[in-house]
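Across the two complexes that follow, subunit A remains constant while its partner is subunit B and subsequently subunit C.
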Partner chain A sequence: MKKLILLTVVSLFWSATLFAAGTQYNLRVDGLACPFCAYGIEKKLIKTEGVESVSFDLEKGLVLVKAKEGVTLTEAQLKKLVDDAGFTLRSMSEQPL
Partner chain B sequence: MKSFQLFLAVGTLSLFWGGVASAHDPVFSPGPHVLYKGGVEVHVGADREKAGQERQSELGLELTYGLTGDWAAGIALPYVSVKGATDKNSGIGDLRLFTKYRFWRKDSLGRQESAAVLLNVTSTNGDDQANPPLGSGTTDALLGFTYGYESLTWYRWTSIRYRHNGEKSGENSSGLRRGDRWLVDFALGYRPTFPVYLKPDTVWILELNGERGQRAELNGSTLANTGSSEWFISPGIFWTQRNFAVKAGVQLPIASDLNGNQAESDYRAKLEFEWHL
Partner chain C sequence: MRQVYWVGCLCGLLLFSATFQLSAAPVTFNTALPVSKGEGVMRVQAKYLRATGDPGSMNRELTVKALPIVGVWGATSRWTLFGIVPLLDKTMELDMPSGRTKRSVNGLGDVTAMVRYTAYSKDQAGRTFRIAPYAGIEMPTGEDDEQDALGQLPGPLQLGSGAWNPAVGIVTTAQSLKQEWGISTSYKFNNAANGFERGDEARLDLSYHRRVWMGGPADGLPHFLYVGLEGNGVWQGKDRNNGLDDSDSGGTTLYLAPTLQYITRRTVVESAVQLPVAQNLNGNALEQDFIFTLSLRLNY
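On to the complex of A and B.
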């Protein structure tokens, strides 16, 4: 019985992981010195198709972008969005959610 | 002569208005900030200036559009109220068009340094025949350069502007030519608490604003009681939360050299609200 419960829990966890959607893009943005100015980045990104949420860590110069499953944001695309907002994209990484 | 003094005063406040995306710029002087591409800024503000028995107030509406990430342009429509020793008047003032181009930007972690040029043009729609007048009666242009440094804690800015009053001869229909004006500004800003996105953010500002105005002319003759040099110390604040900003400050005169018999400035005050849409 214990094995069955354990198997069920593991299966549920595995399936939840499997069906977890989307990708998080971690953007290192230079020039972010105030939250009011960061709104321009939020506005540009949130209008991008497939972007679910945008959050900021101003101390680390990080912009965290969550995109829906199946949506790919390219570096060139993100670089242009950040530049249009008046900042500089220094680097980026991505991780599945 | 008193009406001429009031005439010369009209448009003074416009020196401080119409800055283009002035969000995280000083209160009384321009900084290099512009608006993100495709962004719209709605700006509502009130200015007030008092010198002796003369008072001038402005309520203004500005709309700014971000043409690119480094270039913005907009329009400002003021409602002016002018009061002299005996007369007073109010109504729509001179419409202003403005643009700012940030030609240099250096970004690093939590810091941005940049420089911009700006141009403001003031139209002639305000009534310059009224008493006191509500408009200058000439098309005026203001050209400026500004540099700014901002970090998560400290800000500093400097700017220089030149205002040319009137096209060609610069005379309005009354034969009056207001003197051109130089403006120079230095400002420091300090953010006492670390900024967090979506949380309220406050920056304290202290500015030093200098002005030098040339003498005015009436039908080619220089007017003795015109032209001045003035320095102001200007404490201010800007408070923001996400896409909404409030700015306020007061200019207090600390030194002046006024030609002839002119009233010294008592104070200038400003309150502004901004939304980025």
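On to the complex of A and C.
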């Protein structure tokens, strides 16, 4: 019985830890060709409620957005942010952290 | 004093070329690269011009120091607004019957407001191609009745033209992670004030920049170092004084400018030296030696 309780507690803690880590959105953005331009997107995203961090892989045209626990960013929302920054959102995917 | 009229043309060249330099853009002319909606970019540039090639007998020497401060605002993702506030220091030395004479002035020049529209853009992974027409107007904010011990300074040595001078142009930019091409053409209509009218100005500008180094943080935006070569073809019409053409003004100049740019996510530090490789000037118009530019851009 003790083992079962311990396993349950550990499982709950592990799940909570996973949930608390939030979500990473991987944006494939076309038109990003220099760091000074790309900062325009970073400024837009970092001001968005629930966004924890933004990182880039310019060679692959990727913008990686980490959102806090319980925050959901929609494709329409992200597309508008990228459009407003003057670039083109080609595709996106999301993965739990 | 007719010979000093070319001063005004040179100052106009300095400031009109100071307008749109934003991202990894040309140093000596404009770019079509984007500014985010609701975001701003600020740019401070220091320019130093020397012109000592006097074909006449007055041994003229012109020095112009200009500090154009440029504020840029993304009204939408396609419409961008620009404001250019120039601080100027002009000095002309020349031989007169009374001896070597220096005439100088400094202060606020004519402020320019401009708007640019991105008419076409094609984005791909790590590259972009954009075409953007633009229009602007130079406003008579600079003093145009400055005086020194010899009396009122001639029109071209004044800080401002006293006139409202519109300009139109179009710029095309093709940029990838490793290189960038730019081409721009523009025309500035100069109007008369106080009996003096600078000649209109037409420009054709080309640029090529190549990234030679990339570094910086591994997980953030990298830093780029570009070297480049820019070319500027500038045609200036003859000035008009009290309705008469000044035969010692205007002409065509071709510049080549090696450039260096260091770019991070929030700043660009860059420099260029414009060398006049060909000057076909009218009459005794003063020939230039060089224009040196040092510039800092800030993403805020």
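In this text, the second predicted complex is superposed on the first by the 77 of 97 C-alpha atoms of A that agree within 3 Å, B and C clash if a C-alpha of one lies under 4 Å from a C-alpha of the other, contacts with A are read in each partner's own complex, and residues count from 1 in each chain.
What we mean here is this: a contact is a pair of C-beta atoms (placed from the backbone, for glycine too) under 8 Å apart; a residue touches a chain by one contact, two chains touch by 3 or more.
Everything quoted here is computed from the prediction, not taken from an experiment.
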| item | value |
| --- | --- |
| Which superposed partner A:Val71 touches (first subunit B, second subunit C, both, neither) | neither |
| Subunit B and subunit C contact sites that coincide on subunit A, given as residue numbers | 30-41, 43-44, 55-56, 58-61, 83-88, 90 |
| Subunit B residues within the subunit A interface of the complex | 23-24, 33-39, 68-70, 102, 105, 107-112, 150-152, 194-199, 201, 203, 240-243, 245, 276 |
| Interfacial residue positions of subunit C with respect to subunit A in the complex | 22-24, 33-39, 74, 76-78, 118, 121, 123-128, 175-177, 180, 216, 219-224, 263-268, 297, 299 |
| Contact footprint of subunit B on subunit A as seen in their complex | 30-41, 43-44, 55-56, 58-61, 83-88, 90 |
| Complex interface listing, subunit A residues touching subunit C | 28, 30-44, 55-56, 58-61, 83-88, 90 |
